[in-house]
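Each chain gets a letter, A, B, C and D, in the order it is written, and its residues are counted from 1.
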Amino acid sequence: MAKAVHHAQVRWSDPDQLGHVNHSRYLSYFEDARMELLSTSPSGLAGAPGDRGYIAARVAVDYRYPVEYRPGLLLRVETWASKLGTSSWTLSQEMYDGEDLVASCECVLVAYSYEGKKSRPLDPDERAFWSDYS
Amino acid sequence: MAKAVHHAQVRWSDPDQLGHVNHSRYLSYFEDARMELLSTSPSGLAGAPGDRGYIAARVAVDYRYPVEYRPGLLLRVETWASKLGTSSWTLSQEMYDGEDLVASCECVLVAYSYEGKKSRPLDPDERAFWSDYS
Amino acid sequence: MAKAVHHAQVRWSDPDQLGHVNHSRYLSYFEDARMELLSTSPSGLAGAPGDRGYIAARVAVDYRYPVEYRPGLLLRVETWASKLGTSSWTLSQEMYDGEDLVASCECVLVAYSYEGKKSRPLDPDERAFWSDYS
Amino acid sequence: MAKAVHHAQVRWSDPDQLGHVNHSRYLSYFEDARMELLSTSPSGLAGAPGDRGYIAARVAVDYRYPVEYRPGLLLRVETWASKLGTSSWTLSQEMYDGEDLVASCECVLVAYSYEGKKSRPLDPDERAFWSDYS
């Protein structure tokens, strides 16, 4: 199983007044990892022309370990497809600070036709792409 | 059952380039609703002195409806306690744009002793407070 | 001279680890005040269709007073036009926490034709609108 | 003259609905470049213990060129000291996308005693450090 790897840069203003990276920022790190992978997929980066859209229906994050800012800090995010349905799929993600698991994420994506304004079946090439990450 | 109500102000820069409020911003709206309620609880706002801490262990958001910026837009967030355990509790939340359900959220909070560096049982007054929102 | 008034909601995650609202968030508060006013102007909210665009060329902020989060905190932002040129104008802004001046801002806006890809003269109705705030 | 170099990672959610990186995000990129440099200075990263504090008194940004998100995009930020006074100094910064100048920034920093609650003269080793970047 292939996993996509992204390195997320932590910003000075990401921690909140408790000194830990605010939990909502984790979603941006996870999002950027997905976007980088999605941009290489047949459906392309969200918002690309055409009618192979997709939308995030659900995101769940488990927080394991508080992260503090330090200059140059990069968090490693690993992404893979943990479920592959007819018109939806689930990306699972883990984020690490060195060897420490910081948080894990599950994101349910739904293939969506902006023209038809409803969900659509995944195309064979989309399905093949995500199978490689399953 | 009492529900706490918070009104979240949507900012011009909250939507992303697809024109919809970015999914990570929803977590800030939900967080602010929780913080407002927590600040009136016996354990106080996170980061307050004393040893009645709590940490967010899990957040799950279901996205129902895309929100676009408009000047003056306020989203209504309702918060209540859906589970009440020995040392943890779950806050359920719903966010509305007028009558439309925009998103729902479940957040698992764990009572935590910063001195003992481990979870702690909820105190009776904390338990009583959350029972009123159950 | 008329001044437009906006109330900016401070979020729990706006302060950074020093406990003060991060300086970059001030720009979002000022921006939202401008956007609310611009949406009532003849040229409309940025991104509206047509060719009466405008772009921010320069923003300068003076920081006077550190702001801490408290539940329900709203900062009052006052906005007026301090200079009115042929194809650009300057909005001056002040932000208050109660009676305390928190920060002041100057933003230079340039009327811009997206079709012509260059600056354009302000139209008479645009000029009249901003004169009322001068 | 030495210049410090920082590479800022652009996030998917940094552009606003016009498709360009929101102007307030630039301040975070510039801030991170300063923080990285400040962390190597004798006064240390803001918020460090001791009484060699400093605060940002003024930030001015000139916007030259709109930036769009693309996966993997890093902006190069160069930072140097353009003025060195008794109790304050100015950091000038330029941000580049490849060879294109995206924005420039001037930030006035004031050496500040948190104990005395007033500005303080820069110490000789602080002055020497910033001279190397002048």
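We take it that a residue touches a chain if its C-beta (ideal position, glycine included) is under 8 Å from a C-beta of that chain, and two chains touch if they have at least 3 such contacts.
Predicted, not measured: the structure shown is a model, and the values here were computed from it.
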Selected interface, B-C versus A-B, where C-beta contact pairs are more numerous: A-B
Same-residue or different-residue interface between chain A and chain C, half as cut-off: same
Whole-Å separation of chain centres (CA-atom averages), chain A against chain B: 23
Rounded Å distance between chain B and chain C, as computed from the means of their C-alpha atoms: 30
Junction residues of chain B, two or more chains touched: 12-13, 17-18, 22, 24, 28, 31
Graph class of chain-chain contacts, one of line, ring, star, complete, other: complete
Chain A contact footprint on chain D (complex, rising order): 8-9, 11-13, 28, 31-32, 35-36, 39, 45, 71-72
Complex contacts: residues of chain A adjacent to chain C: 12-13, 15-19, 22, 24, 69
Complex contacts: residues of chain A adjacent to chain B: 17-18, 22-25, 27-28, 31, 46-47, 55-63
